[in-house]
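Residue numbering begins at 1 within each chain, and the chains themselves are lettered A, B and C in the order written.
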Amino acid sequence: MSLILELNNISKHYPGVKALEEVSLRLCSGEVHALLGENGAGKSTLVKVMTGAQSKDSGDIVFLGEKQHFCTPIEAQKVGISTVYQEVNLLPNLSVAQNLFLGHEPKRFGLIHFNKMYTDARSVLTQFKLDIDVTAPLSQYSIAVQQLIAIARGVAMSAKVLVLDEPTASLDADEVQVLFGILNQLKQKGVAIVFITHFLDQVYQISDRITVLRNGRFIGEYLTSELPQTQLIEAMLGRSLQAQLVDKKSDDNAVKATTAVLLSLESVSVKGSIQAMTLTVPKGQAVGLAGLLGSGRSEVCNAVFGLDLLESGSIHLAGKKLHLSQPVDAIHAGIALCPEDRKVDGIIGPLSIRENIILALQASVGWWRCLSKARQEEIAQFFIDKLQIATPDADKPIEQLSGGNQQKVILARWLAIEPILLVLDEPTRGIDIGAHAEIIKLIRSLCDDGMSLLVASSELDELVAFSNKVVVMRDRYAVRELTGLELTSQHVMQAIAEG
Amino acid sequence: MKSSAEMISPEALPMAQSSQQAMNKEKTDRYQAGKSASFGRYLWPLLALTLLLLVNLFIDSSFFHLTYQDDRLYGSLIDILNRSAPVALLAIGMSLVIATGGIDLSVGAVMAIVGAVCANLLLIPDISLVTVILAGLIVGLAAGSINGALVSFLGIQPIVATLLLMVAGRGVAQLINQGQIITFQHEGFAAIGVGQFLGLPMPIWIVVGMLLLSQLLLRKTALGLFIEAVGCNAKASRYLGINDKSIKIFAYAIAGLCAALAGMISTADIQGSDANNIGLWLELDAILAVVIGGAALTGGRFSLVLSIIGALIIQTLATTIIVSGLPAKFNLLIKAIVILSVLLLQSEKFRRQLSGLFKLGIFNNAKAGDKK
Amino acid sequence: MKNFKLVSAFSLWAVSASCAFATTVGFSQVGSESGWRTSFSEAVKAEAKQRGIDLKFADAQQKQENQIKAVRSFIAQGVDAIIIAPVVETGWKPVLKEAKRARIPVVIVDRNINVDDDSLYLTRIATDFTEEGRKIGEWLMDKTQGNCDIAELQGTVGATAAIDRATGFNAVIANYPNAKIVRSQTGEFTRAKGKEVMEGFLKAQNGQALCAVWAHNDEMALGAVQAIKEAGLKPGKDILIVSVDGVPDYFKAMADGDANATVEYSPHMGGPAFDAIDAFIKGNKEQSKWVSTTGEVFTQETAAAEYEKRRLR
């Protein structure tokens, strides 16, 4: 293994924030190098500097022994550094094949050779065990498939360095294994892979070395085989995780006995997404929805929030039948939803954190009763403190925050209107281990305050950690309900697999 | 629903006190940061306007000269304010529509319809002025609401939806006028265009009134914020309980109302309804005014005051061309060059490159001023 | 075909004794974009009715392709003659050749066309814009004895009417050393713009007197009249107003003493056009290629009477 890319003492400042301070990274050919850290640790910024998407304030980039200065991503791509960003950065209205080969399409007589492009696209995607119509627009496919295509695009560019920022966030277990197979092949060919993730088990499965960042600083570089998981977590958090994951099982049964049903779905069907779904959420409890992608867990959330119209069945909240035709109806009934696709359905990017936090409250009190500026600031500051949202001030546009902090703002937005039922769809996607613990703690404390939660997630350990009950879905309907001592990730996994 | 105050106060108070000093300092910093950012937004359009006015001073030394005669102020500056009224009104409505991520191409045609309706009503003997004005406003509101409904309920792209009325509207106006220019003698209605109040022409007061009313409606309620939210991300706005369809219809209806006012001013100004020419291409001037004011055509943040400054820049330019004595064939070229300069001046990237290239003193001074 | 036409002509003999046989004429009009255009269409229709001519009217809505389509359909219908009021000057050669091949005479009215072979059309009935400018210029020079500071309100930049009227007017005042155009800007042929530009002129003059306003059409002149009034001056007295067109509103302004003179831009081009067609049918195949219909100068003296006449129409 030889050194292929070196980043030495990189620093980068944003107005008011030190994103990177003297950070170094050494990358060898033929290795998978995990880049780890909490939200806001500087991973994404480091990647952007490495690939020319952003300029550095100081430090050197040495690629194959030569000092490089990338001004644009294209320059980095030319020498062989290719990146797949955390949020899918493809063009939804172009075809799958066009997305795969955008910028270096196969040409004949100076024109795009479409047939060759389609054949090439099919052969690239077969490696990923994706059998899809490469001529169809990208937007037809789920986020998971889009993510795979984005990775395939990076692979297809035959890079020397491949940077994958959270590639597995929206993939299910099988798809992750396919991806890892491909990464292993690339490793053999001598490609250096930078792998950013929050899934520590995946780190141990695939990576050779680990670099840990914290608060924009370099913490250490380790051989994966020599670093136990607890030490890794301590390096990332700078503290021990043990204290945060309280054992909640003991007091569970006591709570359950006294609580009444808050939300009940009775054989709810939605055309094309869920069938005869029956589900109850007791007051003051968290109910988890588990299942593979497309099993219907997100669709249940959407139906409860009035995004999808019911074909049959009924939804009752606190004994009253709900007639939901749009989100406003659900919000008036006291239901809130943190949507799965935070970037598209959640944040209002250019508006400030303050405005993003108060908007739902403002919408529920009506347009004619404007919250005063002082009141808005008070509410925003309260939640910034309470949820520990990392920002220099509340007037910063939300799009400049890291994914985890954006999620906290969206949670704050709903907590401000005090819903009786909070629906969370993939609340921890793209969120680091520290925030995981915080969100688990928050969910527990909300339950203690009497709020009920319905949480859909693909992360079983987490789901098991905070749920009083987990409903396992398969093929659009519920197959098992797990509670009490049965509620372990092994059991959930089994139920997903067997039904 | 419970007020969130109950939820906040018990925990928040001790926390706030413990770090009150730090927070106070932070708050003042933030206030100033926000202030300088918004000052920057106003700086460049205002600078452009000032430069244009100064150019006029070179052409004609008496440009800023104001006299008081016949109970009114009289001078080129007043003319600019007066003549910019129709575009300024359209720009108010257009700001809202553009903030929702839309565009309204039909406002010029709506001016023509409203003008035709009012002029023909005025031919009826003894009709009351209030009836005529109300009829005009209602026609404008209705036209705007139709645009809004096409956009929000039928999901037609704004540029297409409003193009329908842009083309059809002028035809409707011609039909009402039966192909003629309808002139009328009605002192009350004519006063909308040529009357004066407290020494200033009526159109100026109408713009000021509409601006104050809109600011009140948008910034003292949450409507302005909702419009910006819908413009930034309509889907996310719907997910958090904002009725994005109503917000869009509201924006187009206000644009229609503003077009009605502009149409009445233009009709009253020449005391006749000229369906072919009234408001012709003014929709483009209004869009330009909003863009000069620094708004993005993709929607989001808006500022009515900046849009009106944009309208003033356009009108100052028109007046400059009239008094400059340059041959008429250069008009469009000059307009294009000046507008391009204004837009470049606003582009931070361009400014940076320009100051990097030439290290011009004026830019460095302006930047230092910005930081203060 | 020809026989059938003769039969139908004979059958109409009894009904309409005033003409030899019922002529069918196709008229392709630009559209109805202005009041003048509408009265032009009406005048042609009225003239045809009076002469017992079967007029097929086609409104092209300001599009040349519509006009070409209309002319082709006239040819297919086998009309006796075609009148075209062209929307633009160029692009007429192919369709005129088709008409020539079908032996149908074409009369061009109002605006000019640009073809190298003038045998493609019978004649052109049009106002001489240069002559209009000359006439009104002479009137103004007579009135002021050649001492005049003039403000000019031009028509739309590039329009033939604007260019030619200015040429005629300028040719006249060139002979008078004390007459000159001190302000000139386009008012785009509209009343609103004419008013706005005049306001600017008055401010820019800054008290220096203007002797006359020369507007390329009546609409702009009417706008200027309003601007002058609002500035506290008396149009028609303090500042003379001259223009071209002769729309009813302008006659009213003249009758009220607010304006001084105009040259009529006659919408009555139907008469000469039908005369030419009659002559052609009677055997006069070669005619002069331009029949000028330039109108007369009208002044305040006859304005009230003329206004009454025009208002009745």
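In this section, a contact is a pair of C-beta atoms (placed from the backbone, for glycine too) under 8 Å apart; a residue touches a chain by one contact, two chains touch by 3 or more.
On a predicted model such as this, the values are computed, not experimentally measured, just so you know.
Participant: Report the topology of the inter-chain touch graph, choosing from line, ring, star, complete and other.
Facilitator: Shape of the chain contacts: a line, open at both ends.
Participant: Specify the chain most distant from chain A by Cα centroid.
Facilitator: For chain A, the chain whose C-alpha mean is farthest off is C.
Participant: What is the distance in Å between the mean C-alpha positions of chain B and chain C?
Facilitator: Centre-to-centre distance between chain B and chain C: 39 Å.
Participant: Measuring from the mean C-alpha position of chain A to the mean C-alpha position of chain C, what distance in angstrom results?
Facilitator: 72
Participant: Provide the list of chain B residues touching at least two other chains, using ranges where the numbers run on.
Facilitator: none
Participant: Residues of chain C that touch two or more other chains: which are they?
Facilitator: none
Participant: Once bound in the complex, which stretches of chain C touch chain B?
Facilitator: Within the complex, chain C touches chain B at residues 32-35, 37-38, 154, 157-158, 183-186, 188-193, 195-197, 199-201, 203-204, 206, 219, 222-223, 226, 230-232, 249.
Participant: Considering the complex alone, what residue numbers of chain A touch chain B?
Facilitator: Its residues touching chain B are 305, 307, 326-328, 331, 334, 337, 339, 344-351, 355, 359-364, 366-371, 377-379, 381-382, 385-386, 393-395, 413, 416-418.
Participant: Of all residues in chain B, which touch chain A in the complex?
Facilitator: Touch list, chain B to chain A: 1-2, 4, 7-8, 11-12, 15-16, 23, 26-27, 29-30, 33-34, 220-223, 225-226, 228-229, 232-233, 235-243, 300-301.
Participant: Under the touch definition given earlier, write down the residues of chain B that touch chain C in their complex.
Facilitator: By the definition above, chain B touches chain C via 60, 62, 65, 69-70, 74-76, 79, 83, 174, 178-181, 183, 194, 266, 269-272, 274, 276-278, 318-319, 321-323, 325, 327-329, 331-332.
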